[in-house]
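Two complexes, one shared chain (chain A), two partners (chain B, chain C).
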Partner chain A sequence: MKHVVKILTLVVAITAFWIGLLQTSVVPCSHTWLLPIYFIVSLGCYGLLMVGIGLICFPTCPQEALLLQQDIKEAKEYLKRNKIDVGSD
Partner chain B sequence: MEEKNNNKFSIIVPTYNERLNIALLVYLVFKHLRDVDFEIIVVDDGSPDGTQEVVKQLQQLYGEDRILLRPRPRKLGLGTAYVHGLKHASGNFVVIMDADLSHHPKYLPSFIKKQLETGADMVTGTRYVKGGGVHGWNLMRKLTSRGANVLAHTLLWPGVSDLTGSFRLYRKSVLEDVISSCVSKGYVFQMEMIVRASRKGYHIEEVPITFVDRVFGSSKLGGSEIVEYLKGLAYLLVTT
Partner chain C sequence: MELADRAVGFLLSFISLSIFTYYTFWVIILPFVDSDHFIHQYFLPQEYAILIPVFAGVVLLCFLCIFIGFVTLKSKKKKA
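Then we have the complex of A and B:
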(Lines of atoms letter the chains of each structure in order from A and count residues from 1; the text may use other names and numbers.)
(Lines give C-alpha, C1' and ligand atoms only; values in the text may rest on other atoms or scores of the structure.)
Protein backbone atom coordinates (compact mmCIF):
# COMPACT_ATOMS: atom_id res chain seq x y z
CA MET A 1 0.00 0.00 0.00
CA LYS A 2 1.32 3.42 -0.88
CA HIS A 3 2.22 5.61 2.07
CA VAL A 4 -0.18 8.36 1.09
CA VAL A 5 -3.04 5.85 1.15
CA LYS A 6 -2.12 4.97 4.73
CA ILE A 7 -2.21 8.62 5.75
CA LEU A 8 -5.51 9.27 3.99
CA THR A 9 -7.04 6.22 5.67
CA LEU A 10 -5.95 7.64 9.02
CA VAL A 11 -7.48 11.02 8.19
CA VAL A 12 -10.74 9.40 7.08
CA ALA A 13 -10.89 7.33 10.28
CA ILE A 14 -10.34 10.40 12.47
CA THR A 15 -12.94 12.37 10.50
CA ALA A 16 -15.47 9.56 10.87
CA PHE A 17 -14.83 9.52 14.60
CA TRP A 18 -15.34 13.27 14.77
CA ILE A 19 -18.62 13.11 12.82
CA GLY A 20 -19.70 10.30 15.12
CA LEU A 21 -19.07 12.55 18.11
CA LEU A 22 -21.10 15.34 16.50
CA GLN A 23 -24.06 13.09 15.86
CA THR A 24 -24.24 11.30 19.19
CA SER A 25 -23.61 14.40 21.28
CA VAL A 26 -21.58 12.52 23.86
CA VAL A 27 -19.57 15.70 24.18
CA PRO A 28 -21.41 19.07 23.83
CA CYS A 29 -21.62 20.14 20.16
CA SER A 30 -19.90 23.47 20.64
CA HIS A 31 -16.79 21.66 21.92
CA THR A 32 -16.86 19.05 19.18
CA TRP A 33 -16.86 21.65 16.41
CA LEU A 34 -13.60 23.01 17.73
CA LEU A 35 -11.83 19.64 17.95
CA PRO A 36 -10.22 19.81 14.49
CA ILE A 37 -8.69 23.17 15.38
CA TYR A 38 -7.37 21.79 18.68
CA PHE A 39 -5.94 18.84 16.77
CA ILE A 40 -4.12 20.97 14.21
CA VAL A 41 -2.78 23.34 16.84
CA SER A 42 -1.52 20.41 18.94
CA LEU A 43 0.16 18.93 15.89
CA GLY A 44 1.85 22.27 15.26
CA CYS A 45 2.98 22.55 18.86
CA TYR A 46 4.29 19.00 18.78
CA GLY A 47 6.28 19.80 15.66
CA LEU A 48 7.77 22.93 17.21
CA LEU A 49 8.60 21.00 20.36
CA MET A 50 10.42 18.30 18.39
CA VAL A 51 12.41 20.91 16.48
CA GLY A 52 13.25 22.75 19.70
CA ILE A 53 14.37 19.62 21.53
CA GLY A 54 16.29 18.49 18.48
CA LEU A 55 18.06 21.82 18.30
CA ILE A 56 19.04 21.79 21.97
CA CYS A 57 20.19 18.18 21.87
CA PHE A 58 21.95 18.45 18.50
CA PRO A 59 25.01 16.26 18.86
CA THR A 60 28.22 18.13 18.10
CA CYS A 61 31.78 16.92 17.91
CA PRO A 62 34.39 19.67 18.04
CA GLN A 63 37.10 17.17 18.92
CA GLU A 64 36.53 15.50 15.57
CA ALA A 65 37.73 18.60 13.79
CA LEU A 66 41.04 18.34 15.64
CA LEU A 67 41.36 14.63 14.90
CA LEU A 68 40.66 15.34 11.26
CA GLN A 69 43.42 17.95 11.13
CA GLN A 70 45.84 15.36 12.55
CA ASP A 71 44.73 12.80 9.98
CA ILE A 72 45.21 15.31 7.19
CA LYS A 73 48.72 16.12 8.40
CA GLU A 74 49.62 12.43 8.56
CA ALA A 75 48.19 11.83 5.09
CA LYS A 76 50.04 14.78 3.59
CA GLU A 77 53.36 13.54 4.97
CA TYR A 78 52.77 10.10 3.50
CA LEU A 79 51.83 11.52 0.11
CA LYS A 80 54.88 13.76 0.10
CA ARG A 81 57.15 10.80 0.91
CA ASN A 82 55.64 8.90 -2.00
CA LYS A 83 55.93 11.86 -4.32
CA ILE A 84 52.25 12.35 -4.99
CA ASP A 85 51.85 15.92 -6.10
CA VAL A 86 48.60 17.45 -4.89
CA GLY A 87 49.57 21.08 -5.30
CA SER A 88 49.18 23.60 -2.53
CA ASP A 89 46.17 23.50 -0.21
CA MET B 1 30.72 -18.26 10.97
CA GLU B 2 32.66 -15.29 9.60
CA GLU B 3 32.13 -14.58 5.92
CA LYS B 4 34.33 -11.51 6.07
CA ASN B 5 36.84 -12.84 3.57
CA ASN B 6 34.24 -13.48 0.92
CA ASN B 7 32.95 -9.92 0.73
CA LYS B 8 34.35 -7.28 -1.58
CA PHE B 9 33.51 -3.62 -1.15
CA SER B 10 33.33 -1.17 -4.02
CA ILE B 11 33.64 2.39 -2.72
CA ILE B 12 32.17 4.87 -5.17
CA VAL B 13 33.42 8.44 -4.74
CA PRO B 14 32.04 11.12 -7.08
CA THR B 15 34.52 13.98 -7.41
CA TYR B 16 34.63 17.48 -8.81
CA ASN B 17 37.68 19.61 -8.08
CA GLU B 18 38.90 17.44 -5.20
CA ARG B 19 42.56 17.27 -6.14
CA LEU B 20 43.87 17.30 -2.58
CA ASN B 21 40.94 15.66 -0.84
CA ILE B 22 40.86 12.57 -3.03
CA ALA B 23 44.49 11.80 -2.18
CA LEU B 24 43.82 12.28 1.53
CA LEU B 25 40.70 10.15 1.29
CA VAL B 26 42.48 7.29 -0.46
CA TYR B 27 45.25 7.29 2.16
CA LEU B 28 42.71 7.17 5.00
CA VAL B 29 40.65 4.41 3.37
CA PHE B 30 43.73 2.22 2.98
CA LYS B 31 44.70 3.02 6.56
CA HIS B 32 41.36 1.95 8.04
CA LEU B 33 40.55 -1.03 5.81
CA ARG B 34 43.73 -3.03 6.11
CA ASP B 35 42.34 -6.57 5.97
CA VAL B 36 39.41 -5.86 3.71
CA ASP B 37 38.99 -6.67 0.04
CA PHE B 38 37.95 -3.38 -1.57
CA GLU B 39 38.30 -1.10 -4.55
CA ILE B 40 37.82 2.66 -4.83
CA ILE B 41 35.93 3.88 -7.90
CA VAL B 42 36.53 7.56 -8.57
CA VAL B 43 33.85 9.08 -10.80
CA ASP B 44 35.29 12.43 -11.77
CA ASP B 45 33.15 14.87 -13.76
CA GLY B 46 35.87 16.49 -15.82
CA SER B 47 37.53 18.46 -13.00
CA PRO B 48 39.64 21.32 -14.30
CA ASP B 49 41.94 21.28 -11.26
CA GLY B 50 43.84 18.12 -12.15
CA THR B 51 41.96 15.68 -9.90
CA GLN B 52 42.31 12.92 -12.50
CA GLU B 53 46.09 13.40 -12.70
CA VAL B 54 46.32 12.93 -8.94
CA VAL B 55 44.18 9.78 -9.14
CA LYS B 56 46.50 8.38 -11.81
CA GLN B 57 49.46 8.97 -9.50
CA LEU B 58 47.57 7.18 -6.72
CA GLN B 59 46.94 4.30 -9.10
CA GLN B 60 50.70 3.96 -9.58
CA LEU B 61 51.17 3.85 -5.84
CA TYR B 62 48.31 1.58 -4.79
CA GLY B 63 47.58 -0.42 -7.93
CA GLU B 64 45.09 -0.02 -10.73
CA ASP B 65 43.04 -2.90 -9.40
CA ARG B 66 42.48 -1.05 -6.11
CA ILE B 67 41.78 2.41 -7.55
CA LEU B 68 39.57 2.69 -10.60
CA LEU B 69 39.29 5.97 -12.43
CA ARG B 70 36.06 6.14 -14.39
CA PRO B 71 35.62 9.78 -15.42
CA ARG B 72 32.86 11.59 -17.26
CA PRO B 73 33.18 14.60 -19.54
CA ARG B 74 31.43 17.18 -17.33
CA LYS B 75 29.14 17.62 -14.33
CA LEU B 76 26.28 15.20 -14.90
CA GLY B 77 24.75 14.87 -11.45
CA LEU B 78 25.16 12.68 -8.42
CA GLY B 79 22.58 10.00 -9.17
CA THR B 80 24.06 9.24 -12.57
CA ALA B 81 27.55 9.26 -11.00
CA TYR B 82 26.47 6.38 -8.77
CA VAL B 83 24.92 4.52 -11.71
CA HIS B 84 28.12 5.02 -13.69
CA GLY B 85 30.25 3.80 -10.77
CA LEU B 86 28.00 0.79 -10.27
CA LYS B 87 28.66 -0.40 -13.80
CA HIS B 88 32.32 -0.83 -12.93
CA ALA B 89 31.86 -2.21 -9.43
CA SER B 90 33.10 -5.75 -8.95
CA GLY B 91 32.26 -6.00 -5.25
CA ASN B 92 29.12 -7.51 -3.78
CA PHE B 93 28.76 -4.49 -1.50
CA VAL B 94 28.89 -0.83 -2.48
CA VAL B 95 29.79 2.14 -0.30
CA ILE B 96 28.93 5.66 -1.33
CA MET B 97 30.67 8.58 0.32
CA ASP B 98 31.71 12.18 -0.28
CA ALA B 99 35.21 13.07 -1.40
CA ASP B 100 35.70 16.12 0.80
CA LEU B 101 36.41 14.22 4.04
CA SER B 102 33.12 15.26 5.67
CA HIS B 103 32.66 11.48 5.64
CA HIS B 104 35.62 10.01 7.49
CA PRO B 105 36.88 6.59 6.34
CA LYS B 106 37.46 5.58 9.95
CA TYR B 107 33.75 4.71 10.12
CA LEU B 108 33.98 2.18 7.28
CA PRO B 109 34.82 -0.72 9.62
CA SER B 110 31.73 0.03 11.72
CA PHE B 111 29.51 -0.04 8.62
CA ILE B 112 30.97 -3.40 7.64
CA LYS B 113 30.68 -4.78 11.16
CA LYS B 114 27.05 -3.69 11.45
CA GLN B 115 26.18 -5.38 8.18
CA LEU B 116 27.91 -8.61 9.22
CA GLU B 117 26.17 -8.64 12.60
CA THR B 118 22.68 -7.98 11.29
CA GLY B 119 22.74 -9.21 7.71
CA ALA B 120 21.31 -5.83 6.69
CA ASP B 121 20.73 -4.85 3.05
CA MET B 122 21.73 -1.26 3.78
CA VAL B 123 23.68 0.49 6.51
CA THR B 124 23.34 4.24 6.65
CA GLY B 125 25.40 6.71 8.65
CA THR B 126 23.44 9.00 10.94
CA ARG B 127 24.65 12.28 12.36
CA TYR B 128 21.69 12.74 14.66
CA VAL B 129 22.18 10.09 17.32
CA LYS B 130 24.44 9.78 20.34
CA GLY B 131 27.92 8.86 19.16
CA GLY B 132 27.38 10.83 15.99
CA GLY B 133 27.34 14.56 15.43
CA VAL B 134 28.34 17.51 13.35
CA HIS B 135 30.94 20.25 13.55
CA GLY B 136 31.08 23.53 11.70
CA TRP B 137 27.34 24.11 11.51
CA ASN B 138 25.94 27.45 12.62
CA LEU B 139 22.59 27.80 14.37
CA MET B 140 20.68 28.50 11.17
CA ARG B 141 21.91 25.35 9.52
CA LYS B 142 21.08 23.24 12.56
CA LEU B 143 17.63 24.77 12.71
CA THR B 144 16.82 24.09 9.09
CA SER B 145 18.26 20.61 9.38
CA ARG B 146 16.06 19.77 12.36
CA GLY B 147 13.02 21.45 10.87
CA ALA B 148 13.42 19.57 7.60
CA ASN B 149 13.95 16.34 9.49
CA VAL B 150 10.86 16.70 11.70
CA LEU B 151 8.73 17.55 8.69
CA ALA B 152 10.04 14.62 6.68
CA HIS B 153 9.55 12.22 9.60
CA THR B 154 5.99 13.40 10.24
CA LEU B 155 5.03 12.97 6.60
CA LEU B 156 7.02 9.96 5.51
CA TRP B 157 7.59 7.72 8.57
CA PRO B 158 10.89 6.56 7.09
CA GLY B 159 12.24 4.38 9.88
CA VAL B 160 15.69 6.01 9.91
CA SER B 161 16.92 9.03 11.79
CA ASP B 162 19.04 10.68 9.08
CA LEU B 163 17.28 11.00 5.75
CA THR B 164 19.62 13.23 3.78
CA GLY B 165 22.92 11.64 4.70
CA SER B 166 24.97 10.20 1.85
CA PHE B 167 27.45 7.97 3.69
CA ARG B 168 25.96 4.54 3.09
CA LEU B 169 26.72 0.89 2.53
CA TYR B 170 24.46 -1.05 0.18
CA ARG B 171 24.29 -4.65 -0.90
CA LYS B 172 25.04 -4.20 -4.60
CA SER B 173 21.83 -5.83 -5.82
CA VAL B 174 19.80 -3.58 -3.49
CA LEU B 175 21.46 -0.40 -4.75
CA GLU B 176 20.81 -1.44 -8.34
CA ASP B 177 17.18 -2.10 -7.54
CA VAL B 178 16.55 1.12 -5.62
CA ILE B 179 18.48 3.48 -7.87
CA SER B 180 16.56 2.40 -10.95
CA SER B 181 13.34 3.77 -9.47
CA CYS B 182 14.70 7.12 -8.19
CA VAL B 183 14.28 10.31 -10.21
CA SER B 184 14.97 13.19 -7.82
CA LYS B 185 18.02 15.41 -7.70
CA GLY B 186 20.27 16.71 -4.94
CA TYR B 187 19.57 15.76 -1.37
CA VAL B 188 15.99 14.84 -2.17
CA PHE B 189 17.63 12.08 -4.20
CA GLN B 190 19.28 10.73 -1.04
CA MET B 191 15.95 10.87 0.74
CA GLU B 192 14.20 9.13 -2.12
CA MET B 193 16.77 6.32 -2.07
CA ILE B 194 16.27 5.55 1.57
CA VAL B 195 12.50 5.95 1.57
CA ARG B 196 12.11 3.68 -1.46
CA ALA B 197 14.40 1.10 0.11
CA SER B 198 12.32 1.26 3.28
CA ARG B 199 9.05 0.86 1.34
CA LYS B 200 10.45 -2.11 -0.55
CA GLY B 201 11.01 -3.80 2.79
CA TYR B 202 14.80 -3.88 2.74
CA HIS B 203 16.55 -4.32 6.08
CA ILE B 204 18.15 -0.99 6.98
CA GLU B 205 20.50 -0.41 9.89
CA GLU B 206 22.16 2.78 11.14
CA VAL B 207 25.57 3.58 12.59
CA PRO B 208 26.55 6.90 14.19
CA ILE B 209 28.97 9.01 12.19
CA THR B 210 30.48 12.41 12.70
CA PHE B 211 30.33 15.01 9.99
CA VAL B 212 32.96 17.74 9.99
CA ASP B 213 32.32 20.59 7.62
CA ARG B 214 35.68 22.19 6.86
CA VAL B 215 34.15 25.13 5.09
CA PHE B 216 32.87 26.88 8.19
CA GLY B 217 29.56 28.69 8.10
CA SER B 218 28.71 28.34 4.44
CA SER B 219 25.03 27.75 4.23
CA LYS B 220 23.68 27.31 0.75
CA LEU B 221 20.12 27.73 1.83
CA GLY B 222 17.91 30.11 -0.07
CA GLY B 223 14.21 30.36 -0.69
CA SER B 224 14.45 28.26 -3.81
CA GLU B 225 16.20 25.44 -1.91
CA ILE B 226 13.35 25.36 0.60
CA VAL B 227 10.78 25.25 -2.19
CA GLU B 228 12.66 22.43 -3.91
CA TYR B 229 12.78 20.50 -0.67
CA LEU B 230 9.03 20.90 -0.04
CA LYS B 231 8.27 19.87 -3.59
CA GLY B 232 10.52 16.86 -3.15
CA LEU B 233 8.74 15.89 0.07
CA ALA B 234 5.34 16.18 -1.56
CA TYR B 235 6.54 14.04 -4.46
CA LEU B 236 7.86 11.38 -2.08
CA LEU B 237 4.68 11.49 -0.03
CA VAL B 238 2.55 10.70 -3.02
CA THR B 239 4.72 8.31 -4.98
CA THR B 240 6.35 6.07 -2.36
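Then we have the complex of A and C:
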Protein backbone atom coordinates (compact mmCIF):
# COMPACT_ATOMS: atom_id res chain seq x y z
CA MET A 1 0.00 0.00 0.00
CA LYS A 2 1.26 3.48 -0.72
CA HIS A 3 2.58 5.57 2.13
CA VAL A 4 0.17 8.46 1.59
CA VAL A 5 -2.85 6.12 1.83
CA LYS A 6 -1.60 4.87 5.19
CA ILE A 7 -1.15 8.41 6.48
CA LEU A 8 -4.62 9.43 5.24
CA THR A 9 -6.29 6.43 6.91
CA LEU A 10 -4.52 7.31 10.15
CA VAL A 11 -5.74 10.91 9.97
CA VAL A 12 -9.32 9.80 9.18
CA ALA A 13 -9.26 7.31 12.07
CA ILE A 14 -8.07 9.94 14.54
CA THR A 15 -10.69 12.43 13.28
CA ALA A 16 -13.45 9.85 13.64
CA PHE A 17 -12.27 9.00 17.13
CA TRP A 18 -12.23 12.65 18.15
CA ILE A 19 -15.67 13.36 16.65
CA GLY A 20 -17.00 10.27 18.45
CA LEU A 21 -15.63 11.56 21.73
CA LEU A 22 -17.22 14.96 21.08
CA GLN A 23 -20.63 13.48 20.23
CA THR A 24 -20.82 11.33 23.34
CA SER A 25 -19.93 14.39 25.45
CA VAL A 26 -16.85 12.83 27.01
CA VAL A 27 -15.07 16.04 25.94
CA PRO A 28 -17.01 19.36 26.29
CA CYS A 29 -17.76 21.21 23.06
CA SER A 30 -15.61 24.19 24.01
CA HIS A 31 -12.57 21.92 23.58
CA THR A 32 -13.28 20.97 19.92
CA TRP A 33 -10.11 22.42 18.54
CA LEU A 34 -7.85 20.91 21.18
CA LEU A 35 -6.82 17.71 19.40
CA PRO A 36 -6.11 19.13 15.89
CA ILE A 37 -4.03 21.96 17.31
CA TYR A 38 -2.19 19.55 19.58
CA PHE A 39 -1.34 17.34 16.62
CA ILE A 40 -0.18 20.27 14.50
CA VAL A 41 2.04 21.55 17.30
CA SER A 42 3.52 18.11 17.91
CA LEU A 43 4.12 17.66 14.15
CA GLY A 44 6.00 20.95 14.06
CA CYS A 45 8.04 19.89 17.10
CA TYR A 46 8.80 16.55 15.48
CA GLY A 47 10.04 18.26 12.30
CA LEU A 48 12.27 20.58 14.31
CA LEU A 49 13.61 17.65 16.30
CA MET A 50 14.49 15.73 13.13
CA VAL A 51 16.31 18.78 11.74
CA GLY A 52 18.23 19.18 15.01
CA ILE A 53 19.20 15.50 15.13
CA GLY A 54 20.28 15.61 11.48
CA LEU A 55 22.47 18.61 12.21
CA ILE A 56 24.07 16.85 15.18
CA CYS A 57 24.84 13.65 13.24
CA PHE A 58 26.00 15.35 10.05
CA PRO A 59 29.22 13.71 8.72
CA THR A 60 31.86 16.14 7.47
CA CYS A 61 34.27 13.67 5.70
CA PRO A 62 37.56 15.59 6.05
CA GLN A 63 39.44 13.20 3.72
CA GLU A 64 36.89 13.75 0.96
CA ALA A 65 37.24 17.50 1.42
CA LEU A 66 41.01 17.22 0.93
CA LEU A 67 40.63 15.07 -2.20
CA LEU A 68 38.08 17.54 -3.53
CA GLN A 69 40.49 20.45 -3.06
CA GLN A 70 43.20 18.53 -4.92
CA ASP A 71 40.78 17.78 -7.77
CA ILE A 72 39.90 21.45 -8.01
CA LYS A 73 43.58 22.44 -8.13
CA GLU A 74 44.32 19.89 -10.89
CA ALA A 75 41.34 21.04 -12.93
CA LYS A 76 42.39 24.68 -12.62
CA GLU A 77 45.96 23.95 -13.75
CA TYR A 78 44.76 21.89 -16.68
CA LEU A 79 42.37 24.60 -17.82
CA LYS A 80 44.99 27.33 -17.40
CA ARG A 81 47.41 25.32 -19.49
CA ASN A 82 44.83 25.23 -22.27
CA LYS A 83 44.44 29.03 -22.01
CA ILE A 84 40.89 28.98 -20.55
CA ASP A 85 40.12 31.68 -17.96
CA VAL A 86 39.46 30.11 -14.54
CA GLY A 87 38.50 33.32 -12.74
CA SER A 88 39.98 33.87 -9.26
CA ASP A 89 43.46 32.51 -8.62
CA MET B 1 32.89 24.42 11.43
CA GLU B 2 31.19 21.27 12.65
CA LEU B 3 31.10 22.32 16.30
CA ALA B 4 28.87 25.31 15.47
CA ASP B 5 26.59 23.02 13.43
CA ARG B 6 26.40 20.57 16.31
CA ALA B 7 25.61 23.36 18.77
CA VAL B 8 22.81 24.72 16.54
CA GLY B 9 21.40 21.21 16.13
CA PHE B 10 21.47 20.61 19.84
CA LEU B 11 19.79 23.96 20.52
CA LEU B 12 17.04 23.20 17.99
CA SER B 13 16.29 19.76 19.42
CA PHE B 14 16.31 21.15 22.97
CA ILE B 15 13.84 23.90 22.02
CA SER B 16 11.56 21.44 20.23
CA LEU B 17 11.59 18.93 23.11
CA SER B 18 10.89 21.61 25.72
CA ILE B 19 8.01 23.06 23.67
CA PHE B 20 6.58 19.56 23.21
CA THR B 21 6.72 18.60 26.89
CA TYR B 22 5.36 21.98 28.05
CA TYR B 23 2.47 21.81 25.59
CA THR B 24 1.67 18.17 26.37
CA PHE B 25 1.66 18.90 30.08
CA TRP B 26 -0.50 21.99 29.57
CA VAL B 27 -3.12 20.34 27.36
CA ILE B 28 -3.33 16.77 28.57
CA ILE B 29 -2.18 16.47 32.16
CA LEU B 30 -3.25 19.78 33.72
CA PRO B 31 -7.06 19.31 33.33
CA PHE B 32 -6.82 16.24 35.56
CA VAL B 33 -4.99 18.03 38.36
CA ASP B 34 -6.90 19.67 41.25
CA SER B 35 -7.29 23.41 40.76
CA ASP B 36 -5.50 24.35 43.99
CA HIS B 37 -2.31 22.45 43.20
CA PHE B 38 0.75 24.70 43.13
CA ILE B 39 1.73 23.59 39.61
CA HIS B 40 -1.10 25.66 38.08
CA GLN B 41 0.78 28.89 38.71
CA TYR B 42 3.51 27.83 36.24
CA PHE B 43 1.06 27.51 33.38
CA LEU B 44 -1.06 30.18 31.69
CA PRO B 45 -4.86 29.76 31.68
CA GLN B 46 -6.16 27.05 29.37
CA GLU B 47 -7.56 29.36 26.67
CA TYR B 48 -4.04 30.44 25.80
CA ALA B 49 -3.17 26.82 24.91
CA ILE B 50 -5.33 27.28 21.81
CA LEU B 51 -4.79 30.99 21.15
CA ILE B 52 -0.99 30.94 21.10
CA PRO B 53 -0.51 28.21 18.41
CA VAL B 54 -3.28 29.71 16.26
CA PHE B 55 -1.73 33.15 16.57
CA ALA B 56 1.72 31.80 15.74
CA GLY B 57 0.30 29.97 12.70
CA VAL B 58 -1.41 33.12 11.43
CA VAL B 59 1.77 35.15 11.90
CA LEU B 60 3.76 32.49 10.01
CA LEU B 61 1.24 32.50 7.15
CA CYS B 62 1.33 36.30 6.91
CA PHE B 63 5.12 36.27 6.92
CA LEU B 64 5.19 33.69 4.11
CA CYS B 65 2.71 35.66 1.97
CA ILE B 66 4.63 38.91 2.51
CA PHE B 67 7.91 37.22 1.63
CA ILE B 68 6.51 35.66 -1.55
CA GLY B 69 4.93 38.97 -2.60
CA PHE B 70 8.18 40.79 -1.94
CA VAL B 71 10.26 38.38 -3.99
CA THR B 72 7.72 38.41 -6.84
CA LEU B 73 7.68 42.21 -6.95
CA LYS B 74 11.47 42.40 -6.85
CA SER B 75 11.83 39.95 -9.75
CA LYS B 76 9.17 41.80 -11.76
CA LYS B 77 10.91 45.13 -11.19
CA LYS B 78 14.21 43.67 -12.34
CA LYS B 79 12.68 42.31 -15.53
CA ALA B 80 10.99 45.64 -16.42
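A few notes on this one:
The rule is simple: the second predicted complex is superposed on the first by the 54 of 89 C-alpha atoms of A that agree within 3 Å, B and C clash if a C-alpha of one lies under 4 Å from a C-alpha of the other, contacts with A are read in each partner's own complex, and residues count from 1 in each chain.
Throughout what follows, contacts are C-beta pairs under 8 Å (C-beta built on N, C-alpha and C of every residue); 3 or more make two chains touch, one makes a residue touch a chain.
A quick note: this is a predicted structure, and the numbers were derived from the prediction, not measured.
By the touch criterion defined above, A:I72 lies against chain B but remains apart from chain C after alignment on the C-alpha atoms of chain A. In the superposed pair of complexes, A:L55 makes contact with chain B and with chain C alike. Of the two partner chains placed by the overlay, only chain C lies in contact with A:C45; chain B stays clear of it. Once the two complexes are overlaid on the shared chain, A:I37 sits against chain C while remaining clear of chain B. Chain A is touched at more residues by one of its partners, and among chain B and chain C that partner is B. Overlaid on A, the two complexes show chain B and chain C touching the same residues of chain A, namely 51, 54-55, 58, 60. Of all the residues in chain B, the ones that touch chain A in their complex are 19-20, 23-24, 27-28, 49-50, 54, 57-58, 61, 101, 104, 106, 127-137, 139, 142-143, 146-147, 149-151, 154-157, 199, 210, 212, 214, 237-240. The residues of chain C lying in touch with chain A in their complex are 2, 5-6, 8-17, 19-20, 23-24, 27-28, 49-50, 53-54, 57.
Here chain A touches chain B in the complex through residues 2-4, 7, 47, 50-51, 54-55, 58-62, 64-65, 68, 71-72, 74-76, 78-79, 82-87, 89, going by the rule given at the top.
Taken together, the chain A residues at the contact with chain C in this complex read 33-34, 37-38, 40-42, 45-46, 48-49, 51-56, 58, 60.
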